[in-house]
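Structures incoming, each one as structure tokens.
Two complexes are shown next, each including chain A; its partner changes from chain B in the first to chain C in the second.
Entry: the complex of A and B
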């Protein structure tokens, strides 16, 4: 026998060693740093110096304006802010690890979809006493709330809604935005008649972005979660997916489309509608060769099932949360200043086209004169709601489980009823975990 | 019945017309077969080559394109709007040089450390017999069985406890954790091929075990050691998740650095990302050009036992 060959005995030995290793890893895991397991991440809460963690601090478009805000604060308060950043796609996992491990302190920029998961770690300060002073809009204030407590001061509050290309609509003879699902379908057929490879609605059809179907499910009357019970699988969700499949089969929406593809199609005048956040206008028009596209982009209320229903949209935006521990008080003041100071929010809006979260900020002339933003806020954000699944740490897995089932329907591998039943069961199982 | 007519002198040695036709047919068939097999072989080469080189071509094409043409739908195989601005923009980004220096430092130290430790361990496993040797060998291999994410949490906690986060040491030690098992087994395989008689001869000549390893065995195993070092270097150079988690802003290496710089919440600066990827790949490509023969030789050196 060669010395390097692995016999059955050797394999068993390896298994035993592996098990021992796992126990060892567990023991090592117990050697937690000071902040782990403690509600505070340590340090002097009265310290003037603190950390500010934000994914935007790495991004070319956002970095200069945020650095400017930081520099102004440091100069005025004679303090030092240490900037910390992780890429957006890795942000949640890095923050979970580092907040739990006691490394993260100070102010933390959070996507509103992550607030609940972070708040559940018990390390965030309840900002209830400060939130009332900010003059935030009701929708914005709600976006920073979890379990009745204000864990985040809203920085930018927007939503994900439908954007229309007025030039294409005009070409197809559509004079007004469709308001009901039926009208929307007719408009899509008119647009398809234009030919030239136009995809009437560049809706998400790839798993990575198929969570965009949630507002459509809500449009058809599915609450998704009702009193802790997952309702995906009910008749409304089945109707929504059946309708989506119909659009797919009639080529009114295209296969294999995610947000990036949708922007590319829309940017080249090959799509008349697509779903995006409010910032989509700037991103898509920047990618387009057509310099008149920005003027042709219009926010559209998501069509409703029957006249009088509330248009559905997903709330979207960012909040600043404060970690208990070093620099907590100064970081709170910084967060309040950054999110409410009119000059600061106006300047930030001018640089990034992200709408402020305060009534005064939205009324500022620099913001008010931007028709796209004001229209978007009035038509879409005003009725937007957060996903009921955000409160669960397994949110991403739930979205993926539903998305996979919807895709199975689109490619004809599953019937809508069976797929939604399966999706509902998987989501319920994930919630229980 | 055979013909008695004498065969003309001029016809002697000349094949019969029918035989000539048959011979020509065979040759034609052979030529056709040869041509077919050549076409098949070249087609395979082209397909495999395209599989390997198209991504590189795409990287280069994107690096030379404008952002607008990158998002063109349907995409164009040959870019028309060529620009060097993505490369010139790199020169303005000091941070990239910092990431590159960090990557070079961390990957080089990982390679050297992995080879040093793996040489002693591999030699010990190969040439010495002692209690627990096989268990130790399997223990080394067992560390490869854990999902990286699981070890990441553990290593993060340990490094945090020892105040080692945001240091080169944390990166080097974590990378070495993953490179060592393969390096040890690779070098053990190479040491197995070195005959024990050579070691005995050295011993008879008065060489100590230490001297035998350093002066006789190590030079013979040099290609394998270089291969192991290259493997460790590439592992350290490419790592993303450990570098992102354990290194702070100042010690950030290229993979997380590039992702942080060019992949954002709303969009990805593909042309700049591709240009940066191309430029930072140059040192690794150069290293491979010089050392690839050792890599191939070293990887296969222990595979055949005499």
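Entry: the complex of A and C
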């Protein structure tokens, strides 16, 4: 029998090291994030220091103005705010993981479409006691509400609508914005005739933003949800997708386009129409080499199926929510200040063309006199509605399920009727989960 | 008369083993800390994940509900075969194409042509760039509306209108394979070149003297000598590609219409976009079973090589 030459004492020592390693690993496990079950993400709620998480901090056009707000707060309150960001298209999943894992604290910028999903995790503070102090408009205040509780202080409230490039329209001989779907199609054909790689309508065709088809479905008469029953799959939704496919096949809209591609195409003067939020003007014109583009950008009422119908648009906006735990009190004050302080909201509007959510902020001369903003409000926001699926925590999955089916139609993998039936069934199943 | 008994040799002192360990026990002891760590940070989470496959569990919410084999049935009755087929198409394509390119370059560099050292370094360049960066780079190249590829092809007159390389079922998978090929052929080239350099030059000279041409020499001399390295390279690349994620996720996210969805992207999308951790881990479990088969083949091959 061969021996290793190690004594029992030495072996015990090594075993002890091994055990320590295992205990260390166990400790690591114990230190792991607390998980979705914990109602608070820990830490001292009275701490002056907190995190601020926002997708806008990841966008060049928005970052400086938000950093300015943060710096001003830090200086005034002698506190430290840690800025955290993820790209918009990854934001919801990243935030869900971090929030569930106990890593996110402080103030969190949320798209109003995500509020239900986040609120259901049980980690957001009910801001009912401060929401009333802000002087927010009714629509804005409602956008931060879920299940009767105020989980978000509205930062910006607007809508997603169609933006037109008046220079290209003029080039194609189109004197007025098309008001019906039929007129819109004719205008797209005229624009296609300009050649030079013009994409008449840079509509979303990638899954990430294909939820943009919802207002078109509503335009064709699909309610999407009626008394708790999903109506996607009805004739109106099939008609809408068939029409979208027709635009795709005639190359009046382009394949493989999301919001960022659409902005790039529009910025290059290669798209005459695209869907965006009111923020689009600032972002797209800032990244365009054409310094006259901002003046050429016009908000347009979404064309209707027949004259007299109500133009459809999707409400859009951002709220600031507060996570229970470290720095929640200071973060709440920061959120209230950022969304309501007149000087702050006006400066933010000047930098980003994002209208504030308070009555006083909207009445500020620089906002009230801005033609693009007032036109946008009149033509688009005035008839905008929230998605009926926002009330469900599974909203993002429902949007994606529908988007995938629409994309399957666009690439010829599925027929509109089959795809919409499937989309409706998937949406209904997700709601039941 | 007394006979004196021959002097007895004292028995050798008994070897004391009570305080010593056998080699086997010693080896076990040495590996114990590693095994303990492995158990804590790999094995336990793995078992826990597999166990989760039997529950309906939302990543965002506390609590879960036992659903038996429902999550597995969801995949097996649904998209499992489609995902498997697409994973295999990607895996085979992204293994064989770079293998052929890597082998061709290795053969060329092995001839000792001028500047081969510089070329070897140059060809390694794509390999040292992080996978996500490579994917973004190719995403811009393939962009339907302002990508370089469309620009070049249009200028050259090959196409009249932009092609949505990443937005069409036929071309999306091709684009993903091209991107992965660009990223992985250098590694194959280096491994195969190392194999080629072990082939004795005398064998080639003898074959030449016997009248063998270059093709005959390749199949009779070169290939038998590098077959072992080639099979390991192919199998490792196959296994890696079977689990590959970043290129596909960045370029297509599994689209359009799920036509580039592989196990890796499907598990990610289900877990982190759909937040359905139960179904995600069920698919992960099925995927792992298939991977275990590949690992068994790999071990079999390496064992054979070890025995030889």
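A few comments on the model shown:
In the analysis below, the second predicted complex is superposed on the first by the 284 of 433 C-alpha atoms of A that agree within 3 Å, B and C clash if a C-alpha of one lies under 4 Å from a C-alpha of the other, contacts with A are read in each partner's own complex, and residues count from 1 in each chain.
Keep in mind that, in the parts below, contacts are C-beta pairs under 8 Å (C-beta built on N, C-alpha and C of every residue); 3 or more make two chains touch, one makes a residue touch a chain.
Worth saying up front: this structure is predicted, and the values here are computed from it rather than measured.
By the touch criterion defined above, A:264 lies against chain B and chain C together after alignment on the C-alpha atoms of chain A.
Contact with chain C, but none with chain B, is seen for A:393 once the two complexes are overlaid on the shared chain.
When the shared chain is aligned, no partner comes close enough to touch A:145: not chain B, not chain C. In the superposed pair of complexes, A:97 makes contact with chain B and with chain C alike.
Of the two partner chains placed by superposition, only chain C is touched by A:255; chain B is not.
Contacts of A:408 after superposition on the shared chain: chain C is touched, whereas chain B is not.
When the two complexes are superposed on chain A, the residues of chain A that touch both chain B and chain C are 2-4, 6, 14, 17-18, 21-22, 25, 28-29, 36, 97, 261, 264-265, 268, 270. By the touch rule above, chain B contacts chain A in their complex via residues 67-68, 71-73, 125-126, 134-135, 138-139, 141-143, 145-146, 150-154, 156-158, 160-161, 165, 185, 188-189, 192, 241, 244-245, 248-249, 256, 259-269, 305.
On chain A, the positions that touch chain C within their shared complex are 1-8, 11, 14-15, 17-19, 21-22, 25-26, 28-29, 35-37, 93, 96-97, 100, 117, 120-122, 197, 199, 205-208, 251, 254-257, 261, 264-265, 268, 270, 393, 396-397, 400, 404, 407-408, 410-414, 433. Residues of chain C that touch chain A in their complex: 17, 19-23, 25-26, 29-30, 32-33, 36-37, 39-41, 44, 56, 58-63, 143-146, 161-162, 164, 166-169, 253, 255-259, 272-275.
Interface of chain A with chain B (complex): residues 2-4, 6, 10, 13-14, 17-18, 21-22, 25, 28-29, 31-33, 36, 55-56, 58-62, 83-90, 94, 97, 101-103, 260-261, 263-265, 267-268, 270, 277, 279-280, 283, 286-289.
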